[in-house]
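Note that the chains are named A, B, C and D in the order they appear, and that numbering of residues resets to 1 at the start of each chain.
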């Protein structure tokens, strides 16, 4: 595989779909919020994204090989349909971010998608019982409209920059004529692996934005289940990254297994 | 996005255009000189360059997402038209310089451009009240002709090398049959973020070379306004670069937001 | 060479072939087990894989230049034919793993191959007189069927991850509709360069899985012969990697010869 | 520029040409031996190779911009014509070596070239008044034939590996049906920038192999002239490499000029 590839088993016909994206990041808020929505809404998997820019290892999960990937799901809504995207991994390579973002947007365009919401975390360094949800837009005319959903727009002064795919996805969406919004759940930051409270805050906003109901009763329980996989994944990636920076052949690739 | 892309909203018809290029660099002389000329001449934006070789983050600027980019402007002159190119970022990757330079020259060729002037700074380590403007050419036959504009051509002995896009742009221009000149404003060097005096010296040379008038009265004031954005951008890039060299997944991409 | 290339002198017609792959790795178990099978079965070489992701040096072996490569062999079996793949090198680059794996699977598909077995080592840190052979599959429905060949399937709890080509080959095989199994010979791990006992254990399993007979009497003797080449190769790669991480021109490429 | 490119002004018709290649390397033996042959034979320049894998800077040489490049020359011989290739730079990137080698061989093939001789140095660590010339071949059947030209073939035991383009060029030549020989002039090694004695030894061998006469009287004088350019180039590359490994934006590209 030379370029990032999206392999879709079926190409669903979707009604004016909005795509909600939760990739790994601080507090894994995007990943667990979107992952929970997928479970509760029983959204259907229809495509996988693989990338040469992901780490070159596989995990053994549930007794079989698991290749790092991003996964697309769809959900048939009342007025509009939804696409969900969650991922195992962000790339370690700056170029990879651009390639992956380009492939995702191209694929979403082919599905008729005109709006993208990416979910992430915003590390404040302090614990908040009622975490805010900050919004960042690609066109500031939309701030007023979005403010009614309980989103805070003081991001400009507080945030300054969004590193990784979440920001690029929304930014490049606009260039293709797709609306882009970033939602950032306020979280304490390191070293929390998953922050269910911030994820809940984001889910409450998403319910309003998307006009859907998600039963939040099982959130904490489900997050615990996801946490194991995420923790394992993060540990392995950290080890892999350390090996890769050393770049010793006969060691790098081989330390564990191979 | 797999390759550097230039997206142009409109393709203006230009009369024998000269392109003046100011990318980030020492003292940000190119960027602020060309940026000021654009403002004063009310040049019109017509294209953006995005590159996977730029850093993988977005800035929040004026309450909305700003993707790192280079920007093309045009100005209708009396005898000849002008194209201006300014940029947020130079790439961190050697290969990226070559790709970006190639894409820029290809685009300029498609606009009928036969001459390129790139503006940069030359760090001397000492403060000069009347900074010189050094010229470097791709064909030394042009030295005599250019000397009358107040450009100093002792570059060969003093300079030796030009790192980054400015030199490659002029060098590869020649290969495509485009005249290439590099103008380097003498500056003290680090840690000045912007050097308006050197930029002014360059602008005075550009006025002569291009046969245009640029009101320099507001230069200092405008430079202050640009400085904030440039400073913010440089800080973030330095942080991003530090994170990238560590290449720790679960840290690298996620430290700030994601 | 810009992409990994497989150059085949002849394209043999093969009957429902299984491919057995032994790339360098811990204890070099895959490489020596598969290498020994090739010698004993007198399998025929028919293709070479070269990659820009291998180290940029050549070895002088048997008085002539030896470029780093992977080599394909075939063997005409009674019921099914066999393809063997052994390699000098794994790549130092994460992207390279993905590219090489993609090229190998594409080539195997073109040969009608529907099953892939990759052989590696699993480092336990302790010496075992009767090393186990662990199996990892891409579809857990196959565990029962494979268990009868003496393969242990406790891998999931013990192993967790497979770094490098072995795991990716099996994982991506499944996506292309090719069965993928990883066999990992239990070995003490570092700093053993070759572990013939673990290789023997793997060969015994392969005999059962493939329905073939391999005379194991000469294993130790042949391993000694292979060991010299492998050792030399590993030393050079380690040196090359150290030079590359320093990235000093005028030193990097030139330290030895050039 | 996304890939390495060879730009040829004219495509000469050549009679069964042999290509002699001198790229930078230890003692710069290849570069100065081949460079001297070009000057003495008054060979004609006909093509340039540029690569995104070279360092991203230009030199100011003879008052104008000099882009790093490899240069092709041809010489009309009595029986066979000659192609010479000399270069400013080897790449800092392992992948770059493979790409550049591939492009060179493809170009040589298009010129009907069936034989390649690459010239380098072999560092022994001691000064020799009568340096040997070691040969390495891609097919050992040719050792006997070549031995008569005063080439020593103990390389296998002494050398072991050739890092960089010289070895890969000969190795991949063979795969394309082109004969490949590496000639390595014995030299003390670091920190000699140019070793004219070893270059002379190589030139004496080349005279026999190619059936040509090269007046060696001016070798030392010419080498002194070349030395300045080579020294400057090496210093800049070392600095550039140091900057690149630090990868600090706002510093990396900008330290000197830009």
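Note that in this section a contact is a pair of C-beta atoms (placed from the backbone, for glycine too) under 8 Å apart; a residue touches a chain by one contact, two chains touch by 3 or more.
Predicted, not measured: the structure shown is a model, and the values here were computed from it.
Overlaying chain A onto chain B using CA atoms gives a rotation of 90 degrees, to the nearest 5. Although chain B and chain D carry the same sequence, what matters here is overlap: shared residue numbers make up under half of all numbers found at their interface.
Among the other chains, the CA centroid farthest from that of chain A is the one of D.
One simple way to say how far apart two chains are is to compare their mean CA positions; for chain C and chain D this gives 35 Å. Chain A and chain D have centres, each the mean of its CA atoms, that are 50 Å apart.
The set of chain D residues that touch two or more partner chains comprises 55, 92, 240, 244.
Chains touching one another, given as pairs, are A-B, A-C, B-D, C-D.
Against chain B, the residues of chain D that register as touching in their complex are 1-2, 7, 50-67, 92-93, 232, 236, 240, 243-244, 246-258.
Partner chain D is touched in their complex by these residues of chain B: 3, 23-26, 55, 89-92, 94-95, 97-99, 101-102, 120-123, 136-140, 143, 153, 155-156, 159-168, 170-172, 174-175, 180, 182, 184, 234, 237-238, 240-242, 244-245.
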